[in-house]
Structures are given as structure tokens and as C-alpha cells.
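For clarity, chains are labelled A, B and C in written order, and residue numbers in each chain start from 1.
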Amino acid sequence: MIQIENLSKSFTLHNQGSAVIPVMAGASLIVRPGECVGLTGQSGAGKSTLMRMVYGNYLAAAGRLVVGDLDLVTAAPREIIALRRHTLGYVSQFLRVVPRVPTLDVVAEPLLALGRPPAEARRHAEGLLARLNIPERLWALSPTTFSGGEQQRVNIARGFAHAYPALLLDEPTASLDAVNREVVLTLIEEAKARGAAILGIFHDEAARARICDRLVDVTGFTPRLAA
Amino acid sequence: MTMMPRTITTDEPLLAVSGLTKRYGARIGCADVSFDLYPGEVLGIVGESGSGKSTLLSCLSGHLRPDFGRITYDARDVLAMGETERRRLGRTDWAYVHQNPRDGLRMGVSAGGNVGERLMAIGARHYGDIRDKAADWLGRVEIAADRIDDRPTAFSGGMQQRLQIARNLVTSPRLVFMDEPTGGLDVSVQARLLDLLRGLVRDLGLSVIIVTHDLAVVRLLAHRLMVMKGGRVVEQGLTDQVLDDPQHAYTQLLVSSVLQV
Amino acid sequence: MTDQAYNFAYLDEQTKRMIRRAILKGIAVPGYQVPFASREMPMPYGWGTGGVQVTSACLVPEDRLKVIDQGADDTTNAVSIRKFFQRTAGVAVTEATAEATVIQTRHRIPETPLHEGQILVYQVPIPEPLRFLEPRETETRKMHELEEYGLMHVKLYEDIARHGTIATSYAYPVKVEGRYVMDPSPIPKFDNPKLGQNPAIQLFGAGREQRIYALPPFTEVVSLDFDDHPFEPSKAPHDCDLCGARDSYLDEVITDDRGGRMFVCSDTDFCAGRQADGHRGRLSAVEAVQ
């Protein structure tokens, strides 16, 4: 489902003496349907960079990066937009939404974007919010005013609203209490069970042990300084 | 792979632009601009004042005649069209939302009349139907039904802008040009408008070209982004990719110059 | 009688030719506003300089001229213009609609049906029907060119929204031969039905704005309206107090400061003719006593 071969990436800072900073080289990994792969490595090793590249948020320099049957290295923007809409979900650490939009609509949006009837999309969103223990009185409010943990759960609900065949999870259990952590882990397990391919970053070692089938240390993809 | 999206590579662009160039004497307005816009897509055009983004929008929307290039809309050559046909397109299939609502509204005409004008322009002759449709659109842009007979002069800036949007969308256009639509509005009013625009784009399947210098606006609204400098497109791509991983020196400068909140 | 210091009907022949060309063009394109080089006339703008120039260009020595202002032959404006042409052209004049060959009018169409061979000349203050909605002349010309007339209905929409009905009661816009939207000059909308299929030639002259337009005989003229708010010619719901006419356009005359009023035909020739034929109205006796 997610196939990465010999992927490399560098940043060119045009406004700082055109410094070229290589950040990744020779990255390769594979995530099959129903499988969860965890990225490990020290902070700054390139876990988030790799995740962002898989989502199409960062451009890859060379190599192959295939999600479904789309190679993101060569894909047109609109192909990536369609991929994100239908195939590839992403739960980032931070919630980025239009201010003022009610939480319920934030969560329902991925379904509305797919053309689902609004009533059905909202019902589904309600189910997820209830499961993630977001009090009903908050549903009509914008999540921009919520606490960190609440925002994180709204973000997760949004990421799980549509049954994406591929999912990227960036620290989904950070800043969650035990009860909600359990809910999120169950959601991930359910996604795996329905065949979703999951690539994630989990600092929570117990969670990592519970849901990851394999771990990939991105330190191996860090370019040598000499290179 | 079972759940691939509908093949989207085979369908035709709604608007295809190639080699578009406009000069003001020796000065470049915009040069060699090419892009395709597909149904349901929102394209953001950013750049500082004088970057050519407004010239480009004027050329695209038919307000300015480019010196070179081709514009194809729905398989029709826009620049070869007669003025009658182009203006008809301008009040049916196309819409133009001005930065200043005063440029896009008739300030001496009631809100209902403003919304109804495009309907009457394409031949609607039943007062009751026109009024019902106007009322429906006022509702969609969150203007209370009892304001239908008030003139826009009695509206706040945000309401005027929403009225302008209703007036433009009432004929169900497929392509909407927007010139800094959130420009003169308070931040809180901006957010409300952005939310409204997002919903309309999604529900009506609109294709939108939006010119702005506000990167936050395009991040929330645009699927794709074009960065202009000196009349040329220096970078284009997926909006979040261009903003988070800018490749061109100018884009990097633009992105890094935005104040973080 | 004719003032020999001036050319026939005041204007020089070159000017009349120029105006006739504009008139012919106007007749060829019904409802289209033809620009012309309006001359200074020995009267102020607003007193009918456009109509006078058109009349001047149309008159021949054999003509019999009638001039009315708001339907009346005896008001200052009508009397002045009539005298002007008596003096400069020496043409015969009349108050009888049926006998006139050329009728210059301000704000009315005579009640007596016109016939073939007659010319009705309107004085027009503002020829552009789109003016109050779109002030740019360049834009209104473009709108005429491209038949973009939605704005006219916006005006009617505003009327209904504000008053519950189309409140425009004079200068009511019409569409000519399915093409040009035209301002019929400030005639009451009661007169609008007489514009269409009229056997006479109708010419419109706007002196200040330098425009001439025309309706050739038997032209289709449709008053704009909505399906659910159809055009209705309206008049005061009374009969003429002098001649008893039930279907003529009426002026309301205040007769005292205690609310007394009377309604009389605005067309003086029509009213007088009826009275001569023995028709009587509510206040005819009073008139007789005076």
C-alpha cells in the first residue's frame, strides 16, 4: 500500500547563502494493507519529514514513493489532492482549521468532501466525537478554543472519519489520558483490522509495542555529513 | 488496491491557460503564464503588489485583453469569442467577486434586487420566483430574510461581501474569480467568510481562482497555489507543499516573512 | 407674418438635413438613439429644444401644426412653440388633433387616435432608459448594443419590492420590435398602449442630450413587466367632470382650500370636442353658471 524506495530529500535555503541541507537519502520501506509500521529514531532524525513526504506536503528530490498506485515523486498536484481525499488520511499533531467552524463540521468535512449526504456525515461525526469523549455541549463550538487534549481528539476523529485505506499518524496518543488513549488505540486496531496500511510515529512505547507490526529506524536514512 | 479514486486524469480542465502575456508598453504585466484549472478546484495566486496577479486575473476574466496566449474555457476559445458571448458568459457561467463590495454591488438597489439582477439578465420574468430565489441565497450567505429590501449601504462590510457573493452565485456559475475577497474585512469576519466560501465551493463544485496576498487565506481555501513575482509564475504546486516546502527563493522569502501568530 | 430674418422654420437647411438624416436613421432602427448635433435654440434647454429641432426639420409650408403640453394647447410652453413656428415658418396651426399634420407634444399622446400621414414629435428630457441604474454612458451604449436589459427589470423589481406593485407611472420603459429598450419620454403609462401599432410616425427629440429616436408606423412596442405583475395602464378612477369621458387621461384640479377638487381631461381638444358634441360631466352645470 505504501512503498518507498531509495527516497532522498534536501532543503535549499536560497536566502541563506543557498545552503543545501540534505535531510534524507536512501530511504526505503514498505507498509502492506492491514499492517502498522512505526518510525523510530531520535528527534531530528527525519521521522516527521518522511511522514510529510508521504503525504505530499514535502517534495521528494529523487526515488520512488508510491501510495496506492500513485507515485508522489512525479504526481501532479491534483492527483495528490484526490489521493488525500479518497485514499490517504493524516492525523497530525496540530489541528489546523478555519476558525469559527463547529467541531462537528470539522470532523464531518472529510466525508462531505467525498460527497456524502450532510446528515449521514454529521451522524458519523457525532459517533466518533462521542466515542472520543468530547462532551456534546462542545460539538457546536469551534475547536480552536479547546484544550490541547481535546484538540488532539478532534483531530483524530477527523482523521478516522473516512475509512482511508492508508493512514499517517503523528503521535496520536500524545497528551491523552488513559481512557482516551485506549479509545484511540482501539480505533487504530480497528483500522488495521479492516485492512488499512498505517505508518506512524509513536513515542508512547507501550502503544508502539501494542499496535506496530514492525519498526523502521529512520536514522538509517540520515545522509552522512560527508555525502 | 481496491479503493482508488475515480480516475481524474482523463477528465478535461474547465479552464486551460497557456502562454498568457500582457505588457503595459515596456513594462511586463504578466508573462507566459500557463495552467489548467479543473472542475471543483480552487487555485490561489499569491504575490506582492505589482507581481502581476491582478493583471493576470483581469486577463482571465475578460476585463483586459492579453497580448499573447490562449485561454480555453470548457473547450471554447475565450479570446476568439465575440463580446456578446463573453459578456453572457460573465453573467451566467462566470462570476467575479471584487475586493471592494461597492465595485460589485449596486449600492442604490435593494439586497433582493442585487441578487435578482443576474436572474433577470438571463430572462427571469416572474417576480415571485426571483424573490424566492433571492431570499434563498440571502439565507445561504447568512443574511437575515428581513433584510431583503434593505440597500447594501445599510449593511456592514462583511454583509456586503456576502451579498456580493450571493449576487454572483445565484446563476450557479462554474468558474468564480475572486480578487482579495477578504481584503478589507475584520479578522473575525474574514473567518466567517472563509468558512462560507469553503462550504459553497464544496457543495456547488465551484472552480475558483482567488488572488490574494494573504497566505493564511490560501492555505485554508486553495487546493493549489501559484506564486508570482515580476509578472511571472515562479512556483506552483499543492498549496501546503508550496507553503511548507517552498522551492523558489522568492517563495521562501514570502513564507518566512509572514508573522507567526 | 413670417419673420424674413430667419430661414424657413428657423434652422438653416444644412442643419435640417443633418437632423433629417438622424430621423431617417432612427426610423430605420426603431428605438435606437441616434446622436445628432443639437443646435442652440432661442429657448432654454428643458423647454423642448429637441422637439423643436425635429419639428423644424419635418415642417413644410403646407403643414398644419398642433402643439400640446401635458395634453393642453393653451399652456405657456405650447403657446410659445406654436407662435415660434407661426412666426418663423408661417405654417397654419390648429388645436384639433385630427386636422394636424405635425403635432409636437410634451408628456402626452392625444386621446383622438392618430392616422396615417401624421407626425407626432415628442420632447424628451432624458432619452436613456438605463440612466438612473447605470450612470456610465459608455456602459449603457454597450448594454443596448448587446441587448443586456436585465437592469430595466431590476428597476421594476425595486418598485414592487418597495410598493407592492410597479409604481412607475410615467416614462415607463418599453421594448421596441423585440430589440431596443426605449424611454417613451415622460408620458403617463396610460398612454403606453398607444405607442404600438400606431399609424402615425412618432419622433423623439432630446435637445440637451443630443439624441433622436423614432417609431415608424405600426411598430411593435411592449411595456416591460413581470409575468406575475403584468403591465397595467392606469388613470385616476373617475370620469371627466366636464365632458363625462370615462376612458381619457385626467388631470386633478384643486378647486378650493376645503378639499374640493375636480377631474378633467388632460387633452383639452378632446374634452372640448366632446362638450361641443353635447357630452356633459358632473360639474358641467357649474361651468355653465360661471
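In this text, contacts are C-beta pairs under 8 Å (C-beta built on N, C-alpha and C of every residue); 3 or more make two chains touch, one makes a residue touch a chain.
Bear in mind the structure is a predicted one, so any value in this text is a computation, not a measurement.
Taking the definition of touch as given, a chain qualifies here only if it contacts chain A and chain B alike; none does. Ranking every chain by how far its Cα centroid lies from the centroid of chain A, the top place goes to C. Relative to the whole-protein C-alpha centroid, the nearest chain centroid is that of B.
Each chain gets one centre point, the mean of its Cα atoms, and the points for chain A and chain B are 31 Å apart. Separation between the centroids of chain B and chain C, computed from CA atoms only, is 47 Å.
Separation between the centroids of chain A and chain C, computed from CA atoms only, is 76 Å.
Across the interface of their complex, chain A is touched by residues 1-6, 8-9, 38, 41, 188, 191-192, 194-195, 198, 202, 219-220, 223-224, 236-238, 240-241, 244-245, 247-249, 252-253, 256 of chain B.
Per the touch definition, chain A reaches chain B in the complex via residues 1, 11-15, 52, 56-59, 68-69, 76-83, 85-87, 96, 98-101, 112-113, 165. Interface residues of chain B, counted against chain C in their complex, comprise 83-84, 87, 91, 106, 108-110, 112-113, 116-122, 125-128, 130-131, 148-149.
Partner chain B is touched in their complex by these residues of chain C: 133, 146-151, 153-154, 157-158, 160-162, 225-229.
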